[in-house]
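The structure under discussion appears below in the form of structure tokens.
Each chain gets a letter, A, B and C, in the order it is written, and its residues are counted from 1.
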């Protein structure tokens, strides 16, 4: 697959701080690529550098092979969906969607193109409403439509789900994924929610303190994290004598398994989470581990004596 | 974007042009003599009177304005109506409002006529053409300028504090004097600057309501530029006035970090 | 005690603010020129409308106010926009300076400046100097009003406009300006009021042929009380009052 977006050694340094340093990545055409990290890690700055709202201190950005890092936002064929949607309050939904086309003077078929993209996001009947008259979820779809109608090479999304009700988020997440598959446009998606990133992305980059710690598929980064940060950001980790094991891979049994090394422990607390149960046990050296078991396999009670073991392939090893 | 900077910078240019004034101006020798003349007792008295009048007016504005601000802050849904009512007179002609007081205060004015008609006095009271008239005119003109900042300060007051004071045994009067007023200090400071400084530089009010009897700094300056034709001296007085204004602003601004007008 | 006292006091305070104006207007309808009511009459209004000096002065005031308002609104709006996008202590400082300066000081410094410039250009004091002077002091008022409105605008909207293909000017014209338009109009109304009513600065920089309405009123007032002045005053108060009410309304939308 051809590379549609490439960042080469991008850095953005302000006088007071270094927002991002040494960012290099390639996004393939049609890919759903995420930037994942905690707040302040530089993921939004990276997005803004691609959009053109900031200029990189060093490095290059290329779109389809052409350098764009010196171009203003209105000359780049990328479009941004903002976190709070930034819909123009004085324009109707339709006028918002038509805005970009009008600026480009692409006035032929403008009503038709707007209508088609609104149909795609299921808002065809709300064209004459103002942004203040529609719901948060609908506003997000207008923001999407407004950007998609311009057929950008890359669609940039800045935490688009964080402003929604938690209940709505899962549903919109699925809609977003199917929309991307349907339209085939490359998505560059920024989020701090690891569940979102894992479920939506073809590939993702985990960022911390302005740098990329690991880049790969969701399976790669979850099962084979390269640093402690990546391991603990993407899920919980039990640290036993310097070795990391995820709770779902931490086996807990009442009798010592034969032919395997195991650690004796005592059950401290059992937390019922619905379909899963978390069992916290204390090893004899004082450290605690959490094992995750299905509720159907939970035969344990506090103060039970147990043994902890794991498969060697489930160990997390770092560079 | 250049436009934005050009316009107000020309304003600054005007002031710098003024600095030529005290240094001779029309006849080239650049001297600072004009400033020395300011210390002359006659002119110094005018300066003092200006401070006195401005000060008294400010105090009146604060004292009269505070209960009004208090009323508005407790007025519920009609607050905006009252605020508009307070600010409205200020924006209609200042000249007209000053003239209105001439109409009321003069010997054959309304107040004297009414008092005479009702037999309370025989001869008209000399209400116009003195310091008092000027103060009345200034207070009338600048009252809204204490009401607004005081209102803003009162609005920011946490009602829980008042309840806490009552809970601890303070009478309403106590709460007012020991809690509310001290907490309104930023508003009082803002109101003081907004009234004292324009009053100090007042021209129209002392001119019309004071006649020739209540000369303030503003009148003195105007005088130098018209009848006395002593531009350098006028400029010297103006710069001194500006320096005083800046000094006062600096002193008062120390306390207020929220001068967020611009 | 406090319950009753406060509203009564407030009523008295409002009375203090409005009674002088009401009295003034009431007596403009007085048939006699003394402060004794002698019957209703419109003669002073008639006299006002027939006075050629007043007519010319009013005309001048209107021309000056309209031109000064147009220019100061445009400049002031651009200034506020510039300040909103990028802080400039120099610009903010000079605007503050213009607000804080006593009128008399501003007036004489403008006069001094004009006289100095006139050494190079062969111009004299006249309508143009008055207009320039009015623009210079109105800008700060416009900036304050427009700035208040700009603070309610989401800066991301302009970014969205740039993202969608508008350049910097397009973003201002198509997105920000529509959002602040009520504020701009309110500022213009305010600038008009301030300009129309100005006496101090105008009197210093006006030429022989550019008498304004406030200057005429001042001259009349100086000579003593004149019911014609009452009539004109009532009209001015009413007219400007309406403009200011409109301005307040617009700022609240």
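The definition used in the following text is that a contact is a pair of C-beta atoms (placed from the backbone, for glycine too) under 8 Å apart; a residue touches a chain by one contact, two chains touch by 3 or more.
Since the structure is predicted, the reported quantities are computational estimates derived from the model, not experimental observations.
S.K.: What topology does the chain contact graph adopt: line, ring, star, complete, or other?
M.R.: If you draw each chain as a dot and join those that touch, you get an open line.
S.K.: Would you mind checking which chain's mean C-alpha position lies nearest the centre of all protein C-alpha atoms?
M.R.: Taking the mean of C-alpha atoms per chain, the most central one is C.
S.K.: Please work out which of B-C and A-C is bridged by more C-beta pairs in contact, and write that pair.
M.R.: B-C
S.K.: Need the CA-centroid distance for the pair subunit A / subunit B, whole Å please.
M.R.: 60
S.K.: Please tell me the distance, in whole Å, between the geometric centres of subunit B and subunit C computed from their C-alpha atoms.
M.R.: Going by mean C-alpha positions, subunit B sits 19 Å from subunit C.
S.K.: When the C-alpha atoms of subunit A and subunit C are each averaged to a single point, how far apart are the two points in Å?
M.R.: The mean C-alpha positions of subunit A and subunit C differ by 55 Å.
S.K.: Show the residues in subunit C shared as contacts by 2 or more other chains, in ascending order.
M.R.: Subunit C, residues with two or more chain partners: not present.
S.K.: Could you pull out which subunit C residues touch subunit A in their complex?
M.R.: 154, 156-157, 159-167, 170, 174-175, 178-179
S.K.: Would you mind writing out the residues of subunit C in touch with subunit B in their complex?
M.R.: Its residues touching subunit B are 2, 6-7, 9-10, 13-14, 16-18, 20-21, 23-24, 27, 34-36, 75, 78-79, 81-83, 88, 90-92, 94-106, 108-113, 116, 135-136, 139-140, 143-144, 147, 190, 193, 196-197, 199-200, 204, 214, 217-218, 221-222, 225, 229-230, 233, 236-237, 240-241, 244-245, 248, 252.
S.K.: How about subunit A: which of its residues touch subunit C in the complex?
M.R.: 51-53, 72-74, 79-80, 82, 84, 86-90, 99-100, 103-104, 146-147, 150
S.K.: Applying the document's contact rule, which stretches of subunit B touch subunit C when the two form their complex?
M.R.: So the residues of subunit B touching subunit C come out as 1, 3-5, 7-15, 17-18, 20-21, 64, 67-68, 70-72, 74, 80, 82, 84-89, 91-97, 99-104, 106, 108-110, 113, 140, 143, 172, 197-198, 200-204, 208, 218, 221-222, 225, 231, 234-235, 238, 241-242, 245, 249, 261-262.
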